[in-house]
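In what comes next, subunit A is part of two complexes: it sits with subunit B in the first one and with subunit C in the second one.
This part shows the complex of A and B:
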């Protein structure tokens, strides 16, 4: 009885194992690609017009096809499934048999360029899932690129002028957007740019692990990451300070451009750069490239909820009237410590003196002719104690008790080195006349809030001690 | 009890009556003094004078010397995280219209309401808190001074304050669901948008009583100006925000529905985790 039980158990497990082996064997002899090839071959035979073509169709071998590209270090087996890619009769066929759109293959023959050079994906893979690298959790670093961003591949070998002439517009528009939205105010590219954001060199070929995919919806690819990051930076990276206010279309265009920033370059004989890249170096273009993301038009000052401070209006006539070129140069070169303003000198963010001068010239177009009325700070002796009292009554509600400005406060940070090292005359004039176009009111007696010149001198003397006070304090703690 | 004689009882009763009469008379006598004495006028002048002094050093810069909201600071602007630019106008006191009240729609605010704003400031606008900066006397006198800007304060009597009692179930998932229904039915989304992002179809057409374009609140990017507690949201639905497009729902929604709407609003603001 017991023997029979064990015998039947052995029989059943034997059958299960046998079935499993049969299944594995079947899968090995009829993989995904083979099914496509048989289907394609049958189609060819069915649609043959005469006997000769039918005979030829019958002789089509069922085999893995691969394009070996030694120079590009690629092996593309895509044509194993995409059989009709070069067949003009397959224009209306469904994927994977459809022929290539346009006449791209005429100038980019398959045996020289392969497929993944432009489309990305895993050339060696033999299943759709692995080849495209989509829709599963294999986390391939280089999944197939969505058609809407495909133009980013063109820029690997072609220059933008040629592309524009050929009507490859998305990538050109994307590049223009990149240069006009001030991306490099925060992101370095070729070692030039601010350092609030990450450098963008080679960003298009970074491994997927470089991008935190936790909050990305849909396909977890770098394409989705970049696009969705433009839609709402803080949804993808919660602590992001990025100021990107783009429309859906603009986000797609600029994503196309960002994907061109790849680390590796195609071999020399593939490159077709006919024109030197056009780089605009006039003041306005430089302003757009590096400043506009935060300062916008620069006419009005706004409090920003992302940066948690007021962004100064640097193209505002009232500001330019009081601030001379040297002051501007100092701020741009050294930045503003304690704020998001980068130091733009050549050893930091990488702008040359000539470029900084061009930006200053562009800013000062709006400077009014008339000079501000002289204050004559040197004629007064400031009283720090009186200044402190006045500061506490008049200034704290915008600049904060400690003069740091910051979250929820309208005023700028008064402790930073630029204000502290600024000419007291300039500060006194600002307090007296205010800044039209910003919330900074005129505190002077004439058309203002009624402070005497002596009061202003006291105030400025106190403001100038604000940073020292901090040092004294830290010294006290040390003792 | 029996050891007290009848005389003693009479004495005690009369003493009690006397005290009662005396106590009622004191305020009356004081009132007489107030009505006929000269001291009060001087006192009021002194309060207004102090109020004016405080106003001119601290408030005038934004609210203007005439209380018309046209101070030297001008319009202040704030960019939200999604890029929307909000313009902040300083309150114009000359119309006597106030948003943040605990009194019914169309009423003048309670003194306590104004005191709260002066003490705590208004978040997301640039009205700073004056809790530690001004003394109670200074705050009271500046309130009196602000009242001189509009005739409404003399012509109208203050209304009763609306009582707020938060039910326990506010913020429960059932209540949120009911609130969502109310949000749809009352067409809150027309201004505040389907997801509460302040981007409803009517959002760019709203103007305030001063004729300036005004944007509906975006629940997703921050705190309510008067504070984001459930009670504050409820009082906003009940009183409405006078001078803006936000109406009062005191008559059109019953109390329960208003609290359900509070639950849904808290959910839109992402505040429910902290509540439960």
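This part shows the complex of A and C:
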């Protein structure tokens, strides 16, 4: 008598519902972690040496284990699967049952430090995939960190001197590389450094969304990004100007260091900074810290394909012969507009006058004793019109018609403030004697391309007018 | 004699023996449902069942008339409420802990992940089924004959359903939640566009005020989460249940669901019917009854009526129970396979690009991209007002209870479907390819764009089209054309916002074409 349609609807729906409730029940009572726990328990029972141990093994409860770390604002459930972590008998066991390597747990008890404090990953999660937090679909910004970078966690609480004494070397080497490869020539850290690249503060704990992961191979994690970016910056960020010349091993070491640059600090009671950080402040160290990435040894000047520009050889005696300390100080402090050279004064890239002086002292070690022959620019009266004609014949090939230099041209930009505000005497000497180690030839009469001193004076007078002229002629140049 | 001296103890023992029967009798208040009379008594003696009539018209039981859409929405609500109460036990509405409590629900609570999925999908299912229910009510013309106001209550319930879903979307305090909150705050702020254009924002900043009222400050934070939580578990549900009660009560007072004037029994119908007993039923056909209460519809005393009704017990209740189990099964199966999304923790420093509202608001967000005021307030206001006014502007009663009223109605609906889709897609294609006023004349006053933008043009076209249809036929035909176009554009705009808009709200054929990040 009841309607067949509704009866069959009820029947079919009821069967489907019942079946899925069973599936749900099964899924809930047999989660991934429970299988590990059963396996571990069985192993314990099987490997028990005596009856007492066996009895104790049989009483091991199958349950979620968690370490609550109130001060660290963490809940770590890792030991739900990593059951043998404190069991010395499990040294040779496979993961997830293996005991912790070394004696780290002696000084870092689990109930105080948990697991994710050092290893990262998602402490709350209870499946392997989500607990390790790898892969885009886990939506977890702090995935588990591989052993080769694990030393980055030590630096959260320990100073580098202690780490070095204890033989935690990777992180120390990484830091040294960071200091010596001139990273801060382009990257700010603690407000000091150039601004071509992104500031590095907190980069180790930044969300993955900050990193363009499209070209990263393997796991899309921050450490993969950093490592692969060191291997080939332009593969990861096509428009990058980053200069990184590192071996595979060095890239890993420096990645370890970069990962220590985290925004958040552990609470005070966790930190063990016994020694003040050793900061080398001699000229050579400062040069390595801030300059070496672009200027390298500073002995020869080369055209750089990445920066699209000739990098001057600033430790070259010929350069130093013409460039006195004041000129160097001016360039370092103000930078060179229109080039990648940063202004390093304290209000810009953040170097103090004392530090800049130390760098200048280091640069000028090889400055030749003899001063260049005096030119005596003040004695001449420059003729702009003549200078212009000479410029068009002699200089446009390298410096361009408008003196801006530019892509494909060997010469530097003459309109930049350093040239325009430089002492004409210095410019005249440069033109006369050339700049050894750069494409700039000597144009003087004695050993050069035959310009009279008067010609050079005219030329310099004209070059000095270039910036004004440009302003009058067009608005293209707005630097 | 015996009885007089019967001891209390034996009486007590007898009472224990009869406990089951006496308890059931007191619980059910009527005997076993063996006759029409006791079946009827079962219905009207039960608090939960008495909202339904003791007799049900067979048209109500025809699956192809209602498709069970309204009752499915109601059952989804029941599922949502039960699962929601369970989630409330674990959830903590603080910005530090909300995200972690959701994680714990997912990882630690027994069947917590399923519970959360069920809550999420049943809630979003409500949006779909409430809209489908509205569609059914509209196309069967069931808003006429005293049901006008109930249609408006239905619209209110639709709004409350949107509100409930939206506020729930924000509670996990992950990236999705946070940026949806920001977008909604901006939608709320959208009247600012008009006050800015008129230059009166500094005196009368209704948009800014509403935004602050919603967020509990200038930016999204703990205060906002507290407010959203209050809206989600208190404000919206309270009003939803009040209006739902009125909605049901009015259906009952209007004589149950609508039905065609001249219902012809077809072969399949006999299946629903346990034929009423010709004698001894509640309303024997040989007698005439007057109703004790005032209710619309005909007295069930006339032969004809009683022939097309069947006892609600068990016919209606079986149908309802079957649909309930179907709904529950569907929700659980879907939830078993598809997890509710949970992204990274909320981070105000990382704007999602594009920051999208939940899918049911993406049509609105698309309109918002043309003009903040029209997309956020103007057009949804017009749409809701238009929907609410339908029963008052179309007062034809001839075709109640018949899908699309008549053959002409089918033709008008199909015509509106194709013309609407074509014009809507054409309009969007034009906007995507050629831009709009701001792209052509960058300095154009915003007020002009507020007044003339693709959204307004579309609404204008819908009105014009339905007026034109009305000129030829009836108001009902115009309403059918209008409503069809409304549905079509709702789908198209939502599809556009969901699948075809990428970073910076630019057009992309698929997500794989999005630039890096």
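The rule is simple: the second predicted complex is superposed on the first by the 452 of 479 C-alpha atoms of A that agree within 3 Å, B and C clash if a C-alpha of one lies under 4 Å from a C-alpha of the other, contacts with A are read in each partner's own complex, and residues count from 1 in each chain.
Simple rule for what comes next: contacts are C-beta pairs under 8 Å (C-beta built on N, C-alpha and C of every residue); 3 or more make two chains touch, one makes a residue touch a chain.
From a predicted model like this one, the values you see are computed outputs, not experimental measurements.
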{"item": "Residues of subunit A touched, compared between subunit B and subunit C (which is higher)", "value": "C"}
{"item": "First, second, both or neither for A:300, with subunit B first and subunit C second", "value": "first"}
{"item": "Touching partner for A:23 - first (subunit B), second (subunit C), both, neither", "value": "second"}
{"item": "Touched partner set for A:9, first subunit B, second subunit C, both or neither", "value": "second"}
{"item": "Subunit B versus subunit C as contact partner of A:212, first or second or both or neither", "value": "second"}
{"item": "Touching partner for A:393 - first (subunit B), second (subunit C), both, neither", "value": "first"}
{"item": "First, second, both or neither for A:141, with subunit B first and subunit C second", "value": "second"}
{"item": "Partner chain(s) touched by A:346 [first = subunit B, second = subunit C, both, neither]", "value": "neither"}
{"item": "Residues of subunit A that touch subunit C when the two form their complex", "value": "1-7, 9-10, 13-14, 16-17, 20-21, 23-25, 28, 64, 75, 77, 122, 124-126, 130, 139-141, 207-210, 212-214"}
{"item": "Subunit C to subunit A touching residues, read off their complex", "value": "61, 63, 100, 103-104, 107-108, 110-111, 114, 174, 271-272, 274, 314-315, 318-319, 321-323, 325-326, 328-329, 332-333, 336, 342-345, 347, 350, 516-517"}
{"item": "Residue ranges of subunit B touching subunit A (in the complex, touch as defined)", "value": "57-58, 60-61, 71-74, 76-83, 85, 123-124, 126, 128, 133, 221-222"}
{"item": "Of all residues in subunit A, those that touch subunit B in their complex", "value": "232, 234, 243, 245, 300-306, 393-394, 396-398, 408-410, 434, 439-442, 448-449"}
